[in-house]
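Only one structure is covered here, and it is reproduced in the block below.
Which chain is which? They are A, B, C and D, in the order written, and residues in each are numbered from 1.
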Amino acid sequence: MFPDKLQEECGLFGVFSPDQTDIASLVYYGLFALQHRGQESCGIVVCDDGLFTHYRDVGLVGNVFTHDVMRLFPDGNMGVGHVRYGTTGSNDRSNSQPLVVNHVKGRIAIAHNGNLVNSYELRRELELQGSIFHTTSDTEVISYMIIKERLNAPSTEEAINRAIRKIKGAYSLVVMSPSKLIAVRDENGFRPLCIGVRADGTYVVASESCALESIEAEFLRDVEPGEIVIFDKDGMRSIRDHCGKAKKTTCIFEYIYFARPDSVIDGISVHEARLRAGACLARRFPADADVVIGVPDSGIDAAIGYARESGLPYGVGFIKNRYIGRTFIEPGQSSRRNLVRIKLNPIASVVRGKRVVMIDDSIVRGTTVARIVKLLRDAGATQVHMRVSSPPFLNPCYYGTDIDSREHLIAGKNTIEEIARIVDVDSLGYLALEDLPKLLGYERPEGYCSACFDAVYPTSIPSETDKGRFERKISEMRGKK
Amino acid sequence: MFPDKLQEECGLFGVFSPDQTDIASLVYYGLFALQHRGQESCGIVVCDDGLFTHYRDVGLVGNVFTHDVMRLFPDGNMGVGHVRYGTTGSNDRSNSQPLVVNHVKGRIAIAHNGNLVNSYELRRELELQGSIFHTTSDTEVISYMIIKERLNAPSTEEAINRAIRKIKGAYSLVVMSPSKLIAVRDENGFRPLCIGVRADGTYVVASESCALESIEAEFLRDVEPGEIVIFDKDGMRSIRDHCGKAKKTTCIFEYIYFARPDSVIDGISVHEARLRAGACLARRFPADADVVIGVPDSGIDAAIGYARESGLPYGVGFIKNRYIGRTFIEPGQSSRRNLVRIKLNPIASVVRGKRVVMIDDSIVRGTTVARIVKLLRDAGATQVHMRVSSPPFLNPCYYGTDIDSREHLIAGKNTIEEIARIVDVDSLGYLALEDLPKLLGYERPEGYCSACFDAVYPTSIPSETDKGRFERKISEMRGKK
Amino acid sequence: MFPDKLQEECGLFGVFSPDQTDIASLVYYGLFALQHRGQESCGIVVCDDGLFTHYRDVGLVGNVFTHDVMRLFPDGNMGVGHVRYGTTGSNDRSNSQPLVVNHVKGRIAIAHNGNLVNSYELRRELELQGSIFHTTSDTEVISYMIIKERLNAPSTEEAINRAIRKIKGAYSLVVMSPSKLIAVRDENGFRPLCIGVRADGTYVVASESCALESIEAEFLRDVEPGEIVIFDKDGMRSIRDHCGKAKKTTCIFEYIYFARPDSVIDGISVHEARLRAGACLARRFPADADVVIGVPDSGIDAAIGYARESGLPYGVGFIKNRYIGRTFIEPGQSSRRNLVRIKLNPIASVVRGKRVVMIDDSIVRGTTVARIVKLLRDAGATQVHMRVSSPPFLNPCYYGTDIDSREHLIAGKNTIEEIARIVDVDSLGYLALEDLPKLLGYERPEGYCSACFDAVYPTSIPSETDKGRFERKISEMRGKK
Amino acid sequence: MFPDKLQEECGLFGVFSPDQTDIASLVYYGLFALQHRGQESCGIVVCDDGLFTHYRDVGLVGNVFTHDVMRLFPDGNMGVGHVRYGTTGSNDRSNSQPLVVNHVKGRIAIAHNGNLVNSYELRRELELQGSIFHTTSDTEVISYMIIKERLNAPSTEEAINRAIRKIKGAYSLVVMSPSKLIAVRDENGFRPLCIGVRADGTYVVASESCALESIEAEFLRDVEPGEIVIFDKDGMRSIRDHCGKAKKTTCIFEYIYFARPDSVIDGISVHEARLRAGACLARRFPADADVVIGVPDSGIDAAIGYARESGLPYGVGFIKNRYIGRTFIEPGQSSRRNLVRIKLNPIASVVRGKRVVMIDDSIVRGTTVARIVKLLRDAGATQVHMRVSSPPFLNPCYYGTDIDSREHLIAGKNTIEEIARIVDVDSLGYLALEDLPKLLGYERPEGYCSACFDAVYPTSIPSETDKGRFERKISEMRGKK
């Protein structure tokens, strides 16, 4: 696979207020609601009369933005925030966002979610012109592309409009110039982005609708694939030159795993999608069992869907330690312990002497699942029937999902029977590819990207050479940690 | 009510190993699993060949025990840890535990969960002898009582045995002398405490069984009410002089709210108890509704129990932001926001157009519940039928549950009909007092303490004077924060 | 030697204001000026209408009292602060001061500088009555003694008056009750303590006069040996029952090393005392040399005195790295480097080809001096004549100076000729015992304690048994670090 | 004036070792010795087999590089470090150095001291080509210039050689490529840079010679103006294409104020230069006085020079609080206090009743000096004769000295008599311009830059437009803090 620049799932949040107000607090609340999209680092930029104040660091929103930091921010009328996913243990502040860059006509802040497929080419091209890169992120590439266009474009939005002709792949963006907040979604609409509005006229842009409610904004609509939405003193308007240029292919993994169940993306409830995944599994892979349980958190909804469809009782199979997070350290120096035991604990009374249907959202290497199954058996489960609420991962994602490299993917090397044996379950069923449209309530297999399952890539993908280069780079970076 | 010293629910963990090993890491894992019992402060003491190394601070286990701190601990053969509940915003390290004190015959570390009913008398008595107190905690009172006895007692365990004749109320203790680890549970067994053992012969003591699994210890048995269990180089033995002196009256709120559902306390699964609470509610207060939802986390199990018993579908009504915790700050300077909105978000698709049964574990002031109900109605619920998995709080707890003062308790001033109106629900049902035994699978109303509901106190309670003094003290301390 | 409880040189600061004001800031400034007396830990207690707010931690004043911490303090009318010396690397918060303790009649805060000679006896006596000790400090012993008396005394000051009949040794105290600030100095006046007053009527108590100026207080007078000075709403008054009971014997090492040169203690300028030490050395040990240099910081003044008396030019021999402090870590894991090189650097042009007189305040083990001399020779000094502005250390101090144990003291095992050879100097002269009165401008050898040089202890000293016990304790504690 | 980018005095340190070793620790020690050149932020980059690990943050070396941070660094064979001066209170990490940038042929780390005169032009040019800037520092401009040349140059050193034809002004650089360490000094040699070598063959580059000794390196020689020195596996070699192209004009303020007195720059001892400044003052402005004192730290040496030349006794006039630094906060919320009182305290016994000659290195706005003079008078000085060891500041520095803007400079608006009256001294003498060569032991006024005093700029200076732009930018940035 091709996990580009370790910049995968992220959360974006932007605010444009008609009045001078405590923007940083609004962004703080928004990022807090998006924390599940990225726990490695976070950042806020506030614009006060054209001047930017920004702060970024490694850590959770609540740890980075202490009282002492929050008071560095002046009131303002616009702001943008970002939470970033990252490989565990990475401590590199330099890749944190939003990025703030100065250019010939001023300054922009930019927050990005997604992954370009041609960033390596663009980067090389820029480097051959003498460009230097402070980070390994696509965001810096995108910044360059916009700024290059800005030299000749009459406005930032027009520069963006021109730049996105050249950048290919998955990107949702929130860009802030000294006078405007601009939201952008790629032509395919891979990554979600939506708009809300507060009673006081404040516009809000967020990766997921769940972040709107935290600041009492009403959901207005999703940003359309290819749309550029501009918020400024004249209100909200759009550039739609790129709309409709490609078919919408939202990442289906947003529904299966990334997004919060209370979010609604492109009109479809994430929670409902997961219930339907469970129902599909129940129909295709029924089980002669006593109880249906989900692996928290993302297996819960599908388990309920399975239970409802099958008529089997739903049970709480595991308790997840809610305090696991960035704060958990491996305290000992030497041997690494079985983290699954720290994180998850079965409720013995629920599974003891029972035939259990256990639902999880995916199987990656198989190691974790095998440990979870062992926990169940140790707790007295007589049978474990595993159902997976997604099809097997078989292919790299070029759009921002950090899938493990193929040689580690259990589904890449084994048949389903072999996997069942490896993770020690009595039966195993994956969501069928043909059931994917049903998750979204669609009739036909369209409107989403499922390339990680079926290798049908909605865009061109990186050349073999570029893949190779990046793979070396990535494994080098991973080796460094 | 009489919330004594702001030292209420806490978690205890102790380890005695036959060999020199990385004790601090074992205690770290144990405390991590007990974090739900106290998020304000935590501490670890390790004994290495009679010498104590200790570290305590305000914060979550994962924040306090960084790598830099963990490496301060030498290997050892015994250790004791504590997590402490506290009023939000308190930053007072001095009440954190375990307490380490020096006395004429050496040194002890002591960790405590519970609340004495005669601590004010004991304290006054001690003060009249010239004793000074560094803290406002019962733990220091208990330390004094033990040390006073130690002057004439041949051993620490015998000193404890004598001391607990005088201390009255709720206490589970883990005490460490330079050569022994000692676990104690009061005669009534108000607070839980259990014993586990690892394959390597390491004994473990923990407030809840869920903490045993985190370090791969097998559950051995609960410490009996009144029992003193000693772990030393000769193994494990007990002093049972106080066993059977009182009827067992475990705090029923441990089952309803405090404990982790995967724990088993005195042979009863916490999860099962909650399921049964839900079933009782379903039988006594059925509802003509479309879906049953629970307020996370502690309302979930009872909601499943209600759904099963009633035949109504169980649904996921709310998403709880998992990142709320000590890290969340109110970012703004001025106005406090509606925190319920930050913490909980309804899943609209689950409740829209539905008649909803909503289950929560209790109603304290009513303000929070009213906000939650409003969230549901805003999300489109047509009716909200609230069921509470405990009877109404009406009385102070003297055993360690920090119930709000009576004048704030909604149930103390209003009828159930009035409460329903205040929190704006279509119907409201509380768990019946006579259903409490059923939670524990008991035939008759015995074996538990439910004084906060029925004012039947299993022990003597503080005098009116002492209550008054402490109330002033507490409100003073609360005012200070 | 007998360095009791690792609690040696410390700085005290107290404020009593007629009005409600930002007391914490005043104490902060005062402690900042006293930081040289203790860099290990610090603490502030503010009294606001009888309620105490306190904060203590390991670290420098500027690191511990951040903005976030300072804002925890309410305004008040009294406060007390403390900076504490400690063995490098110790991280034990529990010995930090001021100590705040609750007792039967209320609460006191207590800050202490000095060392008792009978603390071990008092402690044992207290422990035999069942007292428990949270710390290993004398301060806790003193608190107990005061509180015991407070049971029957009509006031805190009277309790102190009674208690100090029993506590023997060196102690300056600042005690705060909910309504009074009380300053105490032992009968011998071992440790300094002075009083200042601000234009607004605020009284200030400080270990050294240099701390008065930082908050624009005028020096009023020293607290007399044996005096108890009370500040309350009626102003300032004294209890003099203990005055004149012993001869004043101020620690002469305060003048030689501890105090800041701009302080005036008991009417004598510290800077002047050091100049006179240098002059004495010049008269008794002239040198055929080209330049006189001092080892910073405490050797500088004596070097100037030597230069003036001898007529030799004074030169700046070394530059001291001003950033060495608690922030400096030994970055490498393995080998410890030569810290003298990090800390001090000779100015080659000053010493190259020169015969140098080098003045330092003392020689302890000799290792550091030897390294310093080597730096000078490497920089080109042709001869190094060392003069030491104190007599040789030969005896333990029981009054609070943490002298190394005798077997490590170079002067305890070697003749002056041997020392000169060990540290590789061409000549070596120590201040003569008979010159000590001259430092203070006295005619006769009285009015100061020089027991560390001459073993003439102004008080009884600990029994042999107690010494032995403490020595074991101390080396145990040192071993632990 | 034109204080460009708030990036003025800085300290550079680089290490090239023949072997794999603990490079980070060596750089740590070096930066520690250079801390006086910059207290705002610091950074270290280590190269391990071509891979860079870097860490930068706001704070002192000892605060930023904790044990936890130091252990992030692998062993390596090269490293570069930087300490950065900055406006007090600035907390902007993004301007901290060394800068690490990726380019088409790899990666470089770059640390810079100085200020370009044409950075604004270069920046504009780059921006017009679409370049984006993450920082406001010259360092990023220099990086771009080098990388642009690197596109066509066969090696990094050749790229540097070409780039420095275009960059004008003051710059000392340490550049690290994956295989080489390169030291550069501008043609004029404005900022110092020297080379040392350790017994084990490790080469060291440092802004000042005082940093060599901290890691036991011997001083080898200064980097020559215009020289590019390359350290790689083949040893050390130079490119001298730019040597001799301009006259050497070392910043004379390095001698007067910036550098540590134990450093030797271009063969001249900083300490000696200051002694000579004092002597010149004594000859030109003798005083009928009783004692000569210096304002610590930089006035001390000149005071000794004055005393020696005049025959008046040298005295220690002030004690400086050594703990003032980044750790000091203004604790109160409201009013700012007189910081001079916190920082400096006169020794009354030295000045009381005396006619005092007081030497300081410069007078900027006059406010601080006026306060210092008041301290002396309050302490009893009968006369204060001020001597300043530099000529009056009258002109902006374009080479990296952050001089206040002209309208604030007291010498810009007042005659010497007026200044004397404003700061309330009995007489005032500035170092004469014609005495400047004597400081360096030169016969004639050449070999140094004294443009801030005499407006003789050794290079072209920024255009009026650029000055204006930058001034607005700077005041904007200052306003933001």
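Please note the rule applied: a contact is a pair of C-beta atoms (placed from the backbone, for glycine too) under 8 Å apart; a residue touches a chain by one contact, two chains touch by 3 or more.
Since the model is a prediction, treat every value here as computed from it, not as a measurement.
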Taking a step as a move to a touching chain, how many steps at least join chain A to chain C?
1
Find out how few touching-chain steps suffice to connect chain B with chain C.
1
Can you compute the centre-to-centre distance for chain C and chain D, using the mean CA position of each chain? Integer Å is fine.
36
Whole-Å distance, C-alpha centre of chain A to that of chain D, is 46
Between chain B and chain D, tell me the centre distance in angstrom, where each centre is the average of that chain's C-alpha atoms.
59
If I count partner chains per residue in chain C, which residues reach a count of at least 2?
66-67
Interfacial residue positions of chain D with respect to chain C in the complex
22, 24-25, 28-29, 32-33, 35-36, 60-63, 65-67, 70-71, 210, 213-214, 216, 260-262, 264, 269, 271-272, 297, 300-301, 304, 308, 313-316, 318-319, 321-329, 331-334, 337-338, 341-342, 345-350
Provide the residue numbers of chain C that touch chain B in the complex, in ascending order.
51, 53, 72, 91, 93-94, 99-104, 124, 127-134, 136, 140, 143-144, 147-148, 151, 476, 480
Could you please specify the touching residues of chain A with respect to chain C in the complex?
66-68
